[in-house]
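One chain, chain A, links the two complexes that follow: it is found with chain B in the first and with chain C in the second.
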Partner chain A sequence: MTPRRPPSDPGDQERPDAVTRTRGQAHTLEGVVSSLILLSAVVFALEMTAVTPLSASTSSQHIENQQESTARGVLAAAAETGALERAVLSWNATSEQFYNTSDPGYFTTDPPPNRFGTMLNRSFDRNGVAYNIYLHYRDDDDAGPDSQRLVYQGHPSDNAVQATWSLTLFENDPLYDHEETPTATTVSDEPTYFAPAASDGAVYNVVRVEVVVWRI
Partner chain B sequence: MADLSPVGGRREYHGSRRDGHAVGRGGERRARPADRAQLILVGAFALAVVFVALALVMNAAIYTENLATRSETAGAADAQAFERTTKATAQAAFRYAHEINDSDHEGLERNVTQAIDAYHNVSRVQQATSGHLVDVTVGPTPPGTNVTNTNVAFTSPGGADDWTLATGVGGTRSFRLDVENWAGGSGDELWVVAGDADDWYLNVSYDGGQWEVGVNDSGTYTTCGTTTGPDLTVDISAGTVDGDECAALDLGRVGGSHTLGIRNGSVADGDYTLIADVERWAVAGGVPTEEVLYAMVVDVTYRTPQLRYRTAIRVAPGETGG
Partner chain C sequence: MSASGDSSRSATHGADVRRVECSEWRHRERGQTTLDFALGMSIFLLSLVFVVAFVPGMLEPFSGGAQSETPAVNRVADDLTQRTLSNASAPYALDETCTAELFTPGAPVECRYDGTTLADRVGVLERSPVNVTIRGDLDDSGADSVLCWDISVVGGQLAERGASGCGPLLSGGSNPAGSGGRTVSARRVALLDGQDVTVEVVMW
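So, the complex of A and B:
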């Protein structure tokens, strides 16, 4: 764009107005540039406050710590009282899946209706915290680890935390029915049980219970 | 010096300017926006620098807090969880071996070793997927003898009043007496002696209505209290008399290798059961015995890049303080 210059009159050059008029464009440009700098500075400053409770960032560390400790505590308490073992051994031989589960063979929306499920419900469900529970076990003597879902509530978010607890099953451990009562069938006598025997001795298998917890 | 007068403002100006532009005498001039733009520019830079500095300070604060609030970076909690799991497994394997495998010391030892090896084989792969190296091995498994004699007089199988039940005893667990059918008088006393009577003895007496239990520990006599009822249960390993705690019952204070005997055994009958860390031949002949493992030690090593955790788990169910 060609600057609009005043009429070429020698008398005009002596006027101060002319100076202002010729530098107006430069001023405009400077103004635009400075506003850009200001704007970018404001944007940059706002970036640092964009750490929301849901973003996987440093500020959510407190909550992650808390959830990890809760998950670990729930597992430890359930293992101590035997509730964890009863939940893992609550196997329905007819449907070849855990008792009280729907079609996919694991719990999706509600916790398992047993003591372990009550503990999960009190610790996580009531607080709007989602969790998955995986059971890792040894497939058989040669194969590596395999896993089975006990509870699956969806894909964990970026700020999910996990806690694990191992449970050793012995070959004479009984399976439990839907009311957490031991049955006459031992785990080694039940061919449909999800984990096969990892050894031919006393230890049937070692199930590593993994709880993955995240905020919805 | 920048002109700070408002844009478009007017003011009186006297004298001439340095840049030589003519100014109307006594006249007015327009403000100079060129000077103001520079000011805005400088101000913008200053603000930008301030914001950058603020952002840095904020980030440093968040980072510091993040580091400070990390529960633990070394993963000691995982190591402890593994230790607890191993302890539960070792206890279950110990119990399993004694329930299922009713054989001698060697058979029991083989059984628990196989169980712990199988546990190690599976768990080391599982732990390796998380970057943890674990090692679980069975350490010493001292032999023991289970002595259980029920519904008998407290005399020796041969009928002697004062007799030695076992010799060379270094430790006992699940040591319990059930006393009933008192045949003696109110002045009679049934003693269980560890070592010499000057070292430690347990004294049970009955006056026809009340049981009284006392302990003489190196000359200091402590009464555990009195109970009523047809019979009396003294759990020496747990330190209780009919369920009530009595700290003086601690046999672990005797220390060293000692004998275990009964005196005035004919005053009552009942049951006595204990597991002592002796071979079968050290127990008096005629008393029903069974070979067991007195204890089991499992060595656990847990390693991560940041942590090396070693511990020994001792399994001895029913041991005092165990």
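So, the complex of A and C:
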């Protein structure tokens, strides 16, 4: 926008040149300035709020609450039927890892092929929700709890939620084979089991099952 | 801006202009004021329209649309799965009789609810429609379906909707079809009759 003057009239000698220049683009500039004021007011109002439609995350507190409650319900239902204990005690002594797992020793893509895995599949896998399951147990040294992965599907996102369930293992609890059938070996007789005996009493160890859930 | 300076200057020179006494010149002196005004006004109006269109979207997360229903559905769902249909020592393990009777008019005395309608039993006022549906996948078909209570066997058992012997459907309350599509739902997974089921509470 270069300021333009009307073609100067040859007879217009006494009119000062400044008059035509002074008006210039005053209205345009006013429009630009008022737009800037309006937009800066919007930006100021946006900065005031923590979560806006422009926030990068797609997280929703309501959905996170539902996932957390779902995870807790799955754990409670699996613990009530004993499926959780069978899944945790499904230990392959030969390969020294859980049954039906491949090289890393934990499940990565599919849920465990047992009742607990079926519950996980119905509530999470089918809905496109990823989850990790960690088993925290007490190590025999007093360095605090140690952990073992049961399912690991990747690094959780920032909006992951978790639910835990404490599972008490007793000395004479049997280990289970790949078809969820109890074997003759008890957990205290199996030296390769991931959790060592934490006490001399009847309680073998307490495993805290932690489920971390996030939307993919 | 120098708008005030400009106007004062043009005012001082206005005397000279009037001395010239030529209306055509005076008209020309205005320069492109009309275009200038149109441009400035359109810039201003465009930004105003943008702001007016943008503000409702900005306020959307805080609008009161489903504000009261969101905690209400969670409270109803938690109450059903942890207290009304089960008990605090074994949460999420639902009682079969009370769950099946929740959706029928009569309320057994041993159950922790009373009233005749579902809204009364879950403690929701009449003006907030509520729907409770229990879904599950008993036949490993890969899809959940609404469950019913099969009363053809002694003691009853769970069955999927449409199965033979299907008794009371484990679904009740208002019909979400009349909600206009703006509903809030809460889901809980629980254990019913040895099966993991999903209790879904919908309000609007």
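List of remarks:
The definition used in the following text is that the second predicted complex is superposed on the first by the 165 of 216 C-alpha atoms of A that agree within 3 Å, B and C clash if a C-alpha of one lies under 4 Å from a C-alpha of the other, contacts with A are read in each partner's own complex, and residues count from 1 in each chain.
In this section, a contact is a pair of C-beta atoms (placed from the backbone, for glycine too) under 8 Å apart; a residue touches a chain by one contact, two chains touch by 3 or more.
Small disclaimer: the values here were computed from a predicted structure and weren't measured.
By the touch criterion stated above, A:S34 is placed in contact with chain B and with chain C alike. With both structures placed on the common chain, the touch criterion links A:M48 to chain B but leaves chain C unconnected.
Look at A:T164: by the touch rule set out above, it reaches chain B but stays clear of chain C. Contacts of A:Q25 after superposition: chain C is touched, whereas chain B is not reached. When both complexes are overlaid on chain A, the residue A:A198 reaches chain B alone and has no touch with chain C. In the superposition on chain A, A:A77 makes contact with chain C only, not with chain B. Look at A:R122: by the touch rule set out above, it reaches chain C but stays clear of chain B. When the two complexes are overlaid on their common chain A, residue A:Q97 makes contact with neither chain B nor chain C.
Of the two partner chains placed around the shared chain by superposition, chain B is the only one that A:H136 touches, whereas chain C remains out of contact. Comparing the two interfaces of chain A, the one with chain B and the one with chain C have residues 14, 16, 19-20, 23-24, 26-27, 30-31, 33-35, 38, 41-42, 45, 51, 62, 65, 69, 72, 76 in common. Of all the residues in chain B, the ones that touch chain A in their complex are 21-23, 29-30, 32-34, 37-38, 40-41, 43-45, 47-48, 51-52, 54-55, 58-59, 62-63, 65-66, 69-71, 77-78, 81-82, 84-85, 88-89, 92-93, 96-97, 100, 111, 114-115, 118-119, 121-123, 125-126, 129-130. Across the complex, chain A is touched by residues 1, 3, 6, 9-10, 13, 16-17, 19-20, 25, 28-33, 36-37, 39-44, 46-48, 50-51, 54-55, 57-58, 60-62, 70, 74, 77-78, 81, 90-93, 137, 140, 142, 144, 184, 186-191, 194, 196, 198 of chain C. Of all the residues in chain A, the ones that touch chain B in their complex are 14, 16-17, 19-20, 23-24, 26-27, 30-31, 33-35, 37-38, 40-42, 44-45, 47-48, 51, 58-59, 61-62, 65, 68-69, 72, 75-76, 79, 136-138, 144-145, 164-168, 170, 172, 198-199, 201-203, 205-206, 208.
Chain A meets chain C in the complex at residues 3-6, 9, 12, 14-16, 18-20, 22-35, 38-39, 41-42, 45-46, 49, 51-53, 62, 65-66, 69-70, 72-74, 76-78, 80-81, 118-119, 122-123, 126.
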